[in-house]
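Here chain A shows up in two complexes: once beside chain B, once beside chain C.
Right after this comes the complex of A and B.
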């Protein structure tokens, strides 16, 4: 799906936990996430902390979208 | 001759420990066979036997790749095996990646022959088919008997260091290795034969298949995300509560498009996941954990993004054929373009 969106001409960032799969599939902008069943959350945190964590990840995704890349790039912390 | 010693790796599901709710199961070792190991032992006859089975949850392995790899290798070492087998994993993505990762690591760190098996669309196949032997299997566990029937004798061959035939003959995915041999006819004659078949519209087998590099160049970055219309898409199966379009929990035959105009937060009462390939508890409690609508609304309000697109697109990426996902996305990507979407966040579980 990520490739088809890219092919259509829209920059896309893939947020996922198992980065090697994303690399194999061919995503160009990748943001690693927390865990498979809750990529953008962590149920062991309280609600406010969890939302802050999610916001941090989404902000990183937005930065990735604003960053020029020539090749597959993983946006770590 | 004494039997060859085999260590077998399986996931929590095939060990009978549990499904997705147990996918965080840490590696454990049990003496002898567990689950599909019985079928292997039956096929091994007097040549080999499984001396130990290592069980690890699929999510645990994939979320802790390095630790899991090290732990499992330590466990295997103790049994001093002649051969290591993982799976088969069929079309289970995380299981396939685990099988590929661990066979690859055992081969390079312990120097013993290794084997696994999976379906061709399993992401683990593309990732590891060059480094380890992977037997091609069906896409679900109904193909167990057939898979083991091919894997067991092949494993014995590998362990005994016997000559390995071509991928077509043995049933493994081509590793891209070339081997010299004497053909009966010279190259020009073979090429003409092929050409004649092609002209007649008959089937022919190329001697040099072109590799399939399906890569898409990255698009230029978004100039100013604070002005851009951003859409969210997910393969994590988030749907309005009740799953109105009945998107299947695996092998999805469709995708959904849902209006989130005015939706500020995905709550337990309003959204859930239809995905059957991960423990749904966390996503059902709060779907923002998969599709971050709450945070994007905040960012929209604060002017950090121009606008959150009115619709999100969703499907379950669990066992869904690559061709289907490709078709779904090609279709909705066109809509996204027409709707003036300038950036997409795609989340996966």
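Right after this comes the complex of A and C.
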């Protein structure tokens, strides 16, 4: 899906837990997430902490979307 | 460590007044089994059914299959950490009721349970159609949580396997096989000219009903480690797993791991089988990295020339598999990986979710997406309704006449990644 959307000219950020698979399939902007059963959350945190975590991930993804890349890039921070 | 495995060949199973093995027939006291399982008040009812090779019987949804064994000499007992204390097993002598198994079923635990047909085309895809099965149909009490249900059913199967195994304690086995592994340095000294080979077994440990236990420890909480290969023949590794039926390792698979048996077979002749590493398949990337680093470091440390790596399950564990393969190859150690494929119903799609050019020696258990039609059976043990929702099934899988159209994924053991199946391919 990532590749097909990019082929249509729209940049994509792939948020995923298993970064190596994302690299293998050819995503260009990758934001690592938390865990496979809960990529964008963490049930062991309390609500406020989890909200902050989620917001951080979304903001990182938006920043990645605005960043020019020449090669496959993993946005760790 | 030296273990004698005495196989008592079981050619039939029947109900009887006393549980015993007589002339290759396993007699089973139904009431004793029922009261054993009912010790756990999580079950409101228990039925015991028998299913023999060739009978028109479908067992589903199958959770686990377990081979009855008993420790007759040496320390510890079968299924250490669960049915016995945690004494180290894998030495002395163990008797096996070869040809018999305990199969657990009942209300479905997870959505990834399986089907065993005792006859017809489906029977060719599951090794368990060839066994004399004692099937436990266990009904949980209302409101029992899924994880508690899984644990209760897991324990019921182990308990009954140990109970049946006990019947073989004083029976003279039909054959005795000896498996011996030496301390690493002695093994290297003994066969200095043979290539040193280890086995890396990946254990399903994703949690959420996808778990494996080692000496009673939940594998997702472990670091990769060494284990004596004979330990697993005494039940050191057991399944607590509701992952797709075709490629999960049941407890029966662990007890009879064909990679371990084949490596022992070639030990001292073609190779020097020096040891076994177990590692897990967790759901956090950091865990995947750490566990595969550790597996590679151990392989390097014991100084092997090659390893066989087996996977369990599919999807994100493909990444653990490729990480293990690549990291071990980069240590200068040759690898062979054993996996299966989800290549679509026509077999044309990419087989694994991850790949690397270093994974250049691959054994496949087959394509789990292949579709098969299973004709109706005269008798159902368990329930057929879940086949519309188990992995490999789909809405409409179960037809009105009782026949089933499913992917091989739904058949217990069909594409097993230890090679405990018969699927093969020929090129023309």
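Structure notes:
Here is the rule we go by: the second predicted complex is superposed on the first by the 77 of 77 C-alpha atoms of A that agree within 3 Å, B and C clash if a C-alpha of one lies under 4 Å from a C-alpha of the other, contacts with A are read in each partner's own complex, and residues count from 1 in each chain.
The rule is short, and it goes like this: contacts are C-beta pairs under 8 Å (C-beta built on N, C-alpha and C of every residue); 3 or more make two chains touch, one makes a residue touch a chain.
These figures come from a predicted structure and were not determined experimentally.
In the superposition on chain A, contact of A:45 is made with neither chain B nor chain C.
In the superposed pair of complexes, A:9 makes contact with chain B only, with no contact to chain C. After superposition on the shared chain, chain A has more residues touched by B, the comparison being chain B against chain C.
Touch criterion met: A:21 reaches chain B and chain C at once.
When the two structures are aligned on the shared chain, A:66 is found in touch with chain B, with no touch to chain C. By the touch criterion defined above, A:32 lies against chain C but remains apart from chain B after alignment on the C-alpha atoms of chain A.
Once both structures are placed on chain A, chain A residues 17-18, 20-21, 24, 35-37 are touched by chain B and, in the other complex, by chain C.
Residues 206-208, 283-285, 288, 316, 318-319, 322-323, 353-356 of chain C touch chain A in their complex. The touching residues of chain B, when paired with chain A in their complex, are 20, 23, 59, 62-63, 65, 93-94, 97, 123, 126-127, 214-225, 228, 230, 233, 235-236, 278-283, 285-286, 288-292, 294-296, 298-299, 304-305, 315, 317, 325-326, 328-330, 333-334, 336-337, 341-349.
Residues of chain A touching chain B in their complex: 1-18, 20-22, 24-29, 33, 35-41, 43, 50-51, 54-55, 57-59, 61-62, 65-71.
The touching residues of chain A, counted against chain C in their complex, run 17-21, 24, 32, 34-37.
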